[in-house]
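In structure tokens below, several structures.
Below are two complexes that have subunit A in common, paired first with subunit B and then with subunit C.
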Partner chain A sequence: MMVLAIAQDLLAEARSRRWVLAFLAAATLVLAAVAVGLRFEVVDGALAATRLFGGDLRSDVRSVDVALRPLFVATSYVVFYGGLVFGIVATADFAPTLLAPGRIEPLLALPLRRWHVLAGTFLGVELLVLAAALYGGAGVFVLLWIKTGVANAGPLAAAASAAVAFAPVYAAMLATALVARSAALSAGSGLLILVAGIVAGNRAVIAELFQPGASRAVFVGLTAILPRLSSLGRIGAAVSADAPVAAGALLALVAGTAVFALAILAIGVDRFDRKDF
Partner chain B sequence: MRRRLRLPLLAAALLLGIAALLLSLAEGPRPAQARAEPSFPRWLRQGEVERVRARRTLPVSMPPAPAPAWASGDEPEPPRVRDPFLLALPRDPGKALVVLEANALRHSRLGELFVECVMRKEGRDPFEEARREAGIDPLKDIDRVAYTPDGIILFGFLDRARLDAIPSRVLSRGEHGRIYVPDAEDPPTFTLGTWRGQIIALGKPDFVESTLDRLDGSTAEDRVLIPEYLTYGEAYGVVPGAALQGLFRGEQAELGARIARAASRIELHADAMRDVAVVARFSGADEAATEDLGTALGGALALGRVQAAVSGNASLAELLEHARVVRGAGGFSLELALPIEVVERWFSGCAGPGSPPAGP
Partner chain C sequence: MLAIHASGLAKTYSGAFGRRPQEALRGVDLDVSEGTAFGLIGPNGAGKTTFVKAILGLVRPSAGVARLLGGDPGDPRPRARVGYLPERLQFPPALDARAILRSVARLKRLRDPEAAIDRRIDELGLAEVASRRAGTYSKGMRQRLGLACALLGAPALLVLDEPTDGLDPLARVEVRNLLARELARGATLFLNSHLLSETERVCTRIGILVGGRIVREGALDAMRESTSRWAVRFDGNAQAQPLAAAGFSPAARGEGWTFDGEPPALNEALERARRSGALLVELSRESRDLEAVLQDAVGVPR
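Coming up: the complex of A and B.
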């Protein structure tokens, strides 16, 4: 309950400080850019040709949703990676601000354990990012639906995946902020986890670049504990392309990512417990 | 003073372990346990040193040729008693020379698979005809075979070979040599020579004559192409770079010429007792060009491995899994291996006329 209270407090703080507004404004701006920037006339033309000739302008006749799959797949990747980078930049300042002298002391004076503060902050930011991701994903989903007439849940799945992937990223950002109260360092650690997660998600292929033996074993060992963020990114793409997603593997992937985030948070708690304010 | 137990750190370590387990589950079934590295033939192994010693059966009066400068110091001491087969081998560095340890190969897993396949395909024992007609059992009597562009040399228990059945003139050559010149040709383009019931040489007349002359000790002791310390593996040999050039034709001819210049000598060794592991040692006068060739080859292998993994080409991925370039003094080694499981899978498609088709 304490954790939820802290999270609620963070969301209220976010609302009062117009963080939410900034989030919504930024997400809307991205949606508007997508709506204006994408050359929908190409899509419109393909659709018109489909309607007119029963297929697109190529010799092979395909249904519209199949013809537009590459667009949905690309959009899902944009939502996933764009959402993550946007989340890192947008939340980089949260933890350093909350830990700033004059702000943290009243919180610590409350009858709370320190890990409550940390977990609550993490949960609050996660909820905020989830809401923004779903807003962005749903916006893209609706935009594409209106423009193409095809409802493809890929962008929504990508948004949800981005929210899951953001958990270890923000956990690392929070833990870094406890070591050094710097927004730049916090964002840097988030980006580092993102890049490491992309590498980990492709570790089977990248491992082939190493000679069999010690170097490959070290790479495989090091990447074994890292969250497979690029694998999460591929979920949205798979949904977009109507490719099957193995439920068991998906569950293990989400659970493993969440547990990794908890592990990083635990390291943050250890640091927080030992820190003097 | 007792230090406080840092529970959060303990929890973090535990959670990281659980995360790794869950994430590995998300990757699907665990890959097969890493198998032992194939046994690459890189030097004489203990069994081969003993094999080298056991094969020294021919006393020679002349001193052996000095070891070349690039030889390592691990080779056995120059013998007074020589291996007649190695003594018989041609010594022209401009021509390829490859030796197969036929008996060892026959008893390797690859050999077993091959013989089983041939038997199954033919539906009978195809070697029986050779036993009956030639008087020698290819699976038992032949110990080693040397291939050159001018002919081949067999070594083994060949005294029962039915050579008298060949319509030919028989000439003596040296103390123990005999040459069979076919009656059908004059001048002959092909002859057959024997030595002590141990060696048969088939090929161009001058090739057969020079082989017997070397065994007789009547030729100058040139530097041997394959000294004893290079007789490791179940197949070994030396190929001049120029021989590679012939593989490149048309627009690729220039590329072939460049490769031949960069690698003027290629030494081959193959181990087939279990996995099939091949080491090709490239060396050349232009060290920079040889190094560039090695780097390019290594890059191509790495790229091929990734491409095979990405494109799901399992056969190519298996072939390239153990492929690598190892740099050394004066050149580089290209190492390739095929795990025996892969070879067995390939041979599983070998079906006889009445056999049902094998699975993938």
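Coming up: the complex of A and C.
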């Protein structure tokens, strides 16, 4: 109940924030521009021609769902990584602002427990990023559906993946804000986890670049505990390309990401509980 | 029942990066009964704000015990009956007063919050700005909104840190009247203020915190009353020279005389004054203002 109340307050505040409004405006503008400028000529289920703002993009006549797979895959990646970057930029100062002297004291004097504040902030930010990613993903989904007649759920899957991937990113941002109340440091830690998550998702390939032995073992060991964020990004792409997604592997990926996020959050809660304000 | 109880309450802030640890509280013992208007005064750095934060569970004491309305400050249940106004106050700049009050009401789990919010908005003179973003508020408006948040839900204990800071004189009178109504309702008031005149007007009991310790605590009237200084007024025909010879000194402020001494010495001096023809018109223990009480407690020469 208290966690939901804190999340509700955060979302109410987010609605009035310039960053969030700017993102919504920019996403809407991009979608509108693409809707106006992109023309597909589909004849009997085949793509006859593609024009962007009047210029020919491709002239091969192919089945439209096959021909547009690269486009769906690309838009899925844009939604996934765009959602994550938006999340980092737009929410970096939520925790530092909430923890500001004069703001946190009256909040903590209210009848709630400290972990409610962290959990509510985390939940509110997660919902915000999910909503933003879904806005972009659903916009692309509807736009391409109307333009091509193909309903590809890839962008929607990418939006959901982005929300899952943002959990460890924001957990790290929140924990950083508890140590140093700085939006820049908070965003920096989020970017660090994002990059580390991309590396971890490609660890098998990258590990080949290391000489077999101690250095490779250290790399594999260090990246083993990190959430594989780029693997989550590939889920949307796989859905876009009609490639199979193994349910077990997906579940393990999501569970691993959630465990990492919860572990960071637990450290944050412990630090928050012992902190003087 | 006690609204606030502190026993041997100590707080030492550990020094980061090699800095010396700082002792903010050094064993504070203090009891505040329910229904009291208590004022905590002291010089800057005395530990007043740390004490307030310790009893609200915002800082963890290094030693000692703090109880809030009979419960642990870390427990949300006693805090549900507390209204707190901090010294520094910030609100989400994008939200208006009504949205902020709704949020506080939700977190305080108030029933029928809209009626309570409307009442506080009217009482604190926020009606005209209630739909304006808090980021555009003046300091006085922020202070009013902070008070409205603290008063929401008719708390049993009000902990107010500089409640009239930033308010104009008329608004201060309004706030004093408001606090008087809260006291009449049965609320306990714990006031932490630098404005001694405000504390004097509102509080009936005073604690003086110096160097992290309570050096004086008691009823305001008793503290203001001097134990050995008397204010004396004679009729207009009294001669100054015999009065001075009898041990009286001209009062520093206004007309009249003062006498320093215990009652037997005072009576002897009055007898000598009468023999010189002076007629006693008025006699009272000299009452000091809170500033003088504080100066005495801190050890500042007057």
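Keep this in mind: the second predicted complex is superposed on the first by the 235 of 277 C-alpha atoms of A that agree within 3 Å, B and C clash if a C-alpha of one lies under 4 Å from a C-alpha of the other, contacts with A are read in each partner's own complex, and residues count from 1 in each chain.
The rule is short, and it goes like this: a residue touches a chain if its C-beta (ideal position, glycine included) is under 8 Å from a C-beta of that chain, and two chains touch if they have at least 3 such contacts.
For clarity, every value in this text was computed on a predicted model and none was experimentally measured.
**Student:** Identify whether subunit B and subunit C fit side by side or clash on subunit A in the overlaid structures.
**Tutor:** Partners fit side by side after overlay.
**Student:** Determine, under the contact definition given at the top, whether A:V269 touches first (subunit B), second (subunit C), both, or neither.
**Tutor:** So A:V269 only meets subunit B here.
**Student:** Classify the contacts of A:P227 with the two partner chains as first (subunit B alone), second (subunit C alone), both, or neither.
**Tutor:** A:P227: touches subunit B, not subunit C.
**Student:** In the superposed arrangement, which partner chain does A:P244 touch: subunit B (first), subunit C (second), both, or neither?
**Tutor:** After superposition on chain A, A:P244 lies in contact with neither partner.
**Student:** Touch test for A:A204: subunit B only (first), subunit C only (second), both, or neither?
**Tutor:** In the superposition, A:A204 touches subunit B alone.
**Student:** Is A:A100 contacted by the first partner subunit B, the second partner subunit C, both or neither?
**Tutor:** second
**Student:** Applying the document's definition of touching, compare subunit B and subunit C: which contacts more of subunit A?
**Tutor:** For subunit A, the partner with the higher number of touched residues is B.
**Student:** Minimum CA distance, subunit B versus subunit C, superposed model, integer angstrom?
**Tutor:** It is 11 Å, taken between the nearest C-alpha atoms.
**Student:** Just which bits of subunit A does subunit B share with subunit C as contact spots?
**Tutor:** In subunit A, no position sits in both the subunit B and subunit C interfaces.
**Student:** Taking the complex as given, what residues does subunit A use to touch subunit C?
**Tutor:** 2, 5-6, 8-9, 12-13, 16-17, 97, 100-103, 105-113, 274, 276-277
**Student:** Quick check: in the complex, which residue numbers of subunit A touch subunit B?
**Tutor:** 115, 200, 204-205, 208-209, 211-213, 224-228, 231, 246, 248-250, 252-253, 255-257, 259-260, 262-264, 266-267, 269-270, 273
**Student:** List the residues on subunit B that touch subunit A in their complex, please.
**Tutor:** 6, 8-9, 11-28, 34, 37, 302, 305-306, 309-310, 317, 321-322, 324
**Student:** Flag every residue of subunit C that touches subunit A in the complex, lowest number first.
**Tutor:** Those in contact with subunit A are residues 13, 53, 56-60, 76-77, 79-80, 82, 84-86, 88-92, 94-95, 99, 103-104, 106-109, 133, 146, 149-150, 159.
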